[in-house]
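This report concerns only the one structure given below.
The chains carry the letters A, B, C and D, assigned in the order they are written, with residues numbered from 1 in each.
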Amino acid sequence: MIKVAIVGGTGYTGVELLRLLALHPHAQVKVITSRSEEGVRVADMYPNLRESYPNLAFTVPDADALTSCDVVFFATPHGVAHSLADEILQAGTRVIDLSADFRLEDADEWAQWYGQPHGAPHLLADAIYGLPEVNRDKIKDARLIAVPGCYPTAVQLGLLPLVEAGLADPQQIIASCASGVSGAGRGAKVGSLFCEAGENMMAYGVKGHRHLPEIKQGLSRAAGQPVELTFVPHLVPMIRGIHATLYTTVVDRSVDLQALFEQRYQNEPFVDVLPAGVFPQTRTVKGANMCRIAVQRPQNGDVVVVMSVIDNLVKGASGQAVQNMNIMFGLDENSGLTTIALIP
Amino acid sequence: MIKVAIVGGTGYTGVELLRLLALHPHAQVKVITSRSEEGVRVADMYPNLRESYPNLAFTVPDADALTSCDVVFFATPHGVAHSLADEILQAGTRVIDLSADFRLEDADEWAQWYGQPHGAPHLLADAIYGLPEVNRDKIKDARLIAVPGCYPTAVQLGLLPLVEAGLADPQQIIASCASGVSGAGRGAKVGSLFCEAGENMMAYGVKGHRHLPEIKQGLSRAAGQPVELTFVPHLVPMIRGIHATLYTTVVDRSVDLQALFEQRYQNEPFVDVLPAGVFPQTRTVKGANMCRIAVQRPQNGDVVVVMSVIDNLVKGASGQAVQNMNIMFGLDENSGLTTIALIP
Amino acid sequence: MIKVAIVGGTGYTGVELLRLLALHPHAQVKVITSRSEEGVRVADMYPNLRESYPNLAFTVPDADALTSCDVVFFATPHGVAHSLADEILQAGTRVIDLSADFRLEDADEWAQWYGQPHGAPHLLADAIYGLPEVNRDKIKDARLIAVPGCYPTAVQLGLLPLVEAGLADPQQIIASCASGVSGAGRGAKVGSLFCEAGENMMAYGVKGHRHLPEIKQGLSRAAGQPVELTFVPHLVPMIRGIHATLYTTVVDRSVDLQALFEQRYQNEPFVDVLPAGVFPQTRTVKGANMCRIAVQRPQNGDVVVVMSVIDNLVKGASGQAVQNMNIMFGLDENSGLTTIALIP
Amino acid sequence: MIKVAIVGGTGYTGVELLRLLALHPHAQVKVITSRSEEGVRVADMYPNLRESYPNLAFTVPDADALTSCDVVFFATPHGVAHSLADEILQAGTRVIDLSADFRLEDADEWAQWYGQPHGAPHLLADAIYGLPEVNRDKIKDARLIAVPGCYPTAVQLGLLPLVEAGLADPQQIIASCASGVSGAGRGAKVGSLFCEAGENMMAYGVKGHRHLPEIKQGLSRAAGQPVELTFVPHLVPMIRGIHATLYTTVVDRSVDLQALFEQRYQNEPFVDVLPAGVFPQTRTVKGANMCRIAVQRPQNGDVVVVMSVIDNLVKGASGQAVQNMNIMFGLDENSGLTTIALIP
């Protein structure tokens, strides 16, 4: 049984980790930390967990407790993993970081986008970007995983087949994306209120969202050359889900894109290429660790449209984190990840 | 492995049965019928099931196919089980009916509320009302189960401790209830449209809802005397969930109601009496086979208020149906029912 | 042109006052105050008002500015009107208070429910409870109006015909009510987040909500005797709207309740008794200063069920406040209140 | 007083026309037709209109009744206006058609996209495309108006300043749009159910939506050359609202786009260019005849992003229809269109 600790478990990615790990046959949550909620039982904060965790309570982060576990998940704001990861890693405990702390290879770029110096640049060489569909082999031996962001997961999975095959014009890529409100976290912000986010849609971060450099890094690596990207995220009135609509100019019209996508993901347990002509709905992945994708070339023109959906809290965060854990510990990759999306 | 057939699997209770049974360790869906969708793959209609049922397709109901299974679930409009149950039962296959066909003991009363003659009165003697918290022993040996309605489940579980103990004034019971829109089914009705049911709340069926005689029958049996009830259902803009707020006059103020409720349900795996002062939220049971209950006597007066929540499609329908199956077949009662409610 | 000031205009009742007054033919907002938003233009906070108030900006409350107006609306948390009303009234400016400060006649009872001493008991004798359907004549001459709470408006309008006629058992009244999330205000609270309040229903304040004494005071006055009431509010996932379902035992079954209600409200411009058998929907009053009511006696029994709906921000707050202003200033009562509810 | 008839008034654009016209100072609805609802009172179908239309009832379409009015609005499925418009026009009554019947100049193209022959090609020469921001002068003298579609209104208003100025690369335009569910109408379709459209986002019509040729026609006319466009509509879980996110490559980076947009629309009462850096929210136009627009060039690159929002039922349909009527009849253009968007 893998002993698990979660640092910062009061947010939505924290409770989602708890939900997934409760059903995991080979892992058990031993420690969950929160400075503000010390002593509060998890089940009192999240009554859906009353049967699963009758006794687990939040504790103040403590190095001994954390390093007594096999793996520590960080479900924290950026900066926290920077300050704690080193000590944990040195004790031989592995780290799976759901925050942005180790996603960018370049510490200077990180500092620029996050408005503070990078707190652990010496660990960057060890950090593996935890997108199993790209880095599965490296993840197997990793001790520090940077779990991809939610938008970057949906966008990269949607574009990788084209970019890897050199079929997308690297100067003409647009990612028009939308997220449910849980992407903004459980913080008490006016913009996330039911009466502000309900019955409303809006773009945000148009000038430059922090997921932009992460996506560009991933696509550029896949393309073997720098990729330019226009990324516009939107907020839509639903709780969970990301819908990415991706537009690019195809370099070679003769390629069978449906076949290309099916082939690329034929062995991927958590990427589903839909039959030709079927377009993905976010609710078909609600609560499930799955990315569903469709590709279309409207009116047989030059423009390819890819649609890619995930649950931002599962394949876009906690589910992908568990998937990484499974790979790192040599478990069946879908252990604890068999939940089926709730329809309706 | 229990071989399962589902008659009428295109509605919301049908897809929910499929979701739950896909994760059941000891059951497998062999047959699913729908006259209108013959030949359509389940996964094409419900893309959340693409991984679970890659090949299962709807077929026209066929006696041989149904009786080759161990159990047949009816997820049909009322009247259908009346016409098919006898033949299935005679072949030795058990029947779990999610419709209202066998819920009322009195065939005449059934005819009056459902506006048509009862189609199988000779089977009523064998039909067991499938509320495990009342009838667990009878369910073990049953061959025909009438799965309770959604409102009746929430209301009865909320009132049983009081009624069984003779603490509720049988002339003064009010059930003010609300349901999410999935309770109206997947039929294309104007009243269930997003733009009609969204941002709206309304009462309906105030003159007399079909669940009224079912609730009265259950409570009267528990009370050992006739019970009168005012039942007002409401429609609220959410997909899943029933919230029942129950009001009655307490006969004896000295009783510790919190203790009474905890004791009544202490061995029930799917009824959760919340700590004193905590009130249930429907989202804490979304997707889970659970009923959460709180009891309160405001300002220490005569009026008891009980709040009871379920997911109408799980403990209020398909989950309870699977729970019945587990009991009938001697399985662990929570087989296939370990899913945790999705929060957020 | 009536010169209007609004104290505390950043919340939902504030913006709603601005919306209604923008279309008012005889009133103009001259001053709007907010300490935290000083200098911010109203149109920058609420872009729906860009055309209506291109220049109006929030200012720090200032006695001279306020008393230069004909009327001051308080859209503030409780306690604020206590401290400012006296000075404004002495300057001859009238006060319409949307907060709870002057709703209860008894200063001690106020102190008990609001957890602080009453700040202006000497003004209570002058305060008129601004429910026009009860106090229209007194409102005409009033200089200080206590605008009723949202639940109290819906509940009292629903019960008044019965209570005034002595038809309701004063010991057997239950108000099972539900509110949209805007009732919780625009404060950044976790419980009001889209991901907490969405797809969820829950009761709250069961032990005793601050609107309880207000409702009891109003009904007792109407009954001419003390009235007992069980009041349970619920939160439902919609932005606007209150649905009150009211249960009482009728003293005399022979009375034609439909006629009684129609007669009681035949001259009321903002109370609509629906045709027999039609039940009110909250969306039919969304954005409109209207209360729609239906009365029903299920199965011809003793229990009367009244359903009453309002928009909590209009007839339950800002619309009713404008209605009071119209009466006080001798204007046509529906000036500025002609907006039609938005369907869909 | 302008006498108005509405053909096909049971749908969402019909009830919205009724709402707007009820508050119009110079128009009055005399006739409203519906074959299926003959004899039903408008107020019984739409209880929000009980005060505004206490007696108006649906009638079967009748030429005499229609031609006794000054103007007939068609709020019908496509094809109906084709068959009725001629007779009405010949009687001297003007026609404002909210359907697609007269939007495309080319009858063959219409036939191709709508799958049936064009029913009134001889009227095309008289039909004016009712986008006042382009065709105001022609509308003044028109007798037959084709009210633009909802997506075409949002997309064209967002792109016109760029296209008219020759700043957009006519081969590189992408319109990634989203609509609330009311865009699908009031028909009882499974896909529009609360439990299907709620908590979900999906693209549709990717292969080719009927609004595509309409948008291309309008932009090509504005550009003075053929314009290519990729148009992907999405369905998002809100009742009203369209959000268009428009991407194009700018031909000349030196132009001040904010100034360009402000100048283009400076005299337009129903187009609001937001201050630089502010992005539009659909709720800021909910119920209002307004289009709010923002323009942005992320990271000072080549790609321009324009965001444009409307209420699909108002500026995208019924409000724009009334705006056309006002222009045709020489009225103040905002008569009956002063309603302010509802926030929250």
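Quick notes on this one:
Methods note: a residue touches a chain if its C-beta (ideal position, glycine included) is under 8 Å from a C-beta of that chain, and two chains touch if they have at least 3 such contacts.
All figures in this text were calculated on a predicted structure; none of them were measured in a lab.
Where touching is counted per the definition, the chains common to chain C and chain D are A, B. Ranking all chains by how far their C-alpha centres lie from the centre of chain B, first place goes to D.
Across A-B and B-C, the chain pair carrying more C-beta contacts is B-C. Between the Cα centres of chain B and chain D there is a gap of 45 Å.
Averaged C-alpha coordinates put the centre of chain B at 39 Å from the centre of chain C. Rounded to whole angstrom, the centroid-to-centroid distance between chain A and chain B, based on C-alpha atoms, equals 36 Å. Chain contacts: chain B has residues 12, 180, 182, 186, 195-196, 198-199, 237, 239-240, 280-281, 283, 286, 344 touching two or more partner chains. Taken in their complex, chain D has these residues touching chain B: 12, 180-182, 186, 188-190, 192-199, 237, 239. Against chain B, in their complex, chain C makes its touches with residues 172, 174, 176, 178, 180, 195-196, 198-204, 206-208, 228, 230-232, 234, 236-241, 243, 245, 247, 277, 279-283, 286, 296, 298-299, 301, 303, 305, 307, 309, 344.
Within the complex formed with chain D, the chain C residues making contact are 12, 15, 19, 22-23, 46-52, 182, 186, 199, 239-240, 272, 274, 278, 280-281, 283-288, 290, 292, 313, 338-344.
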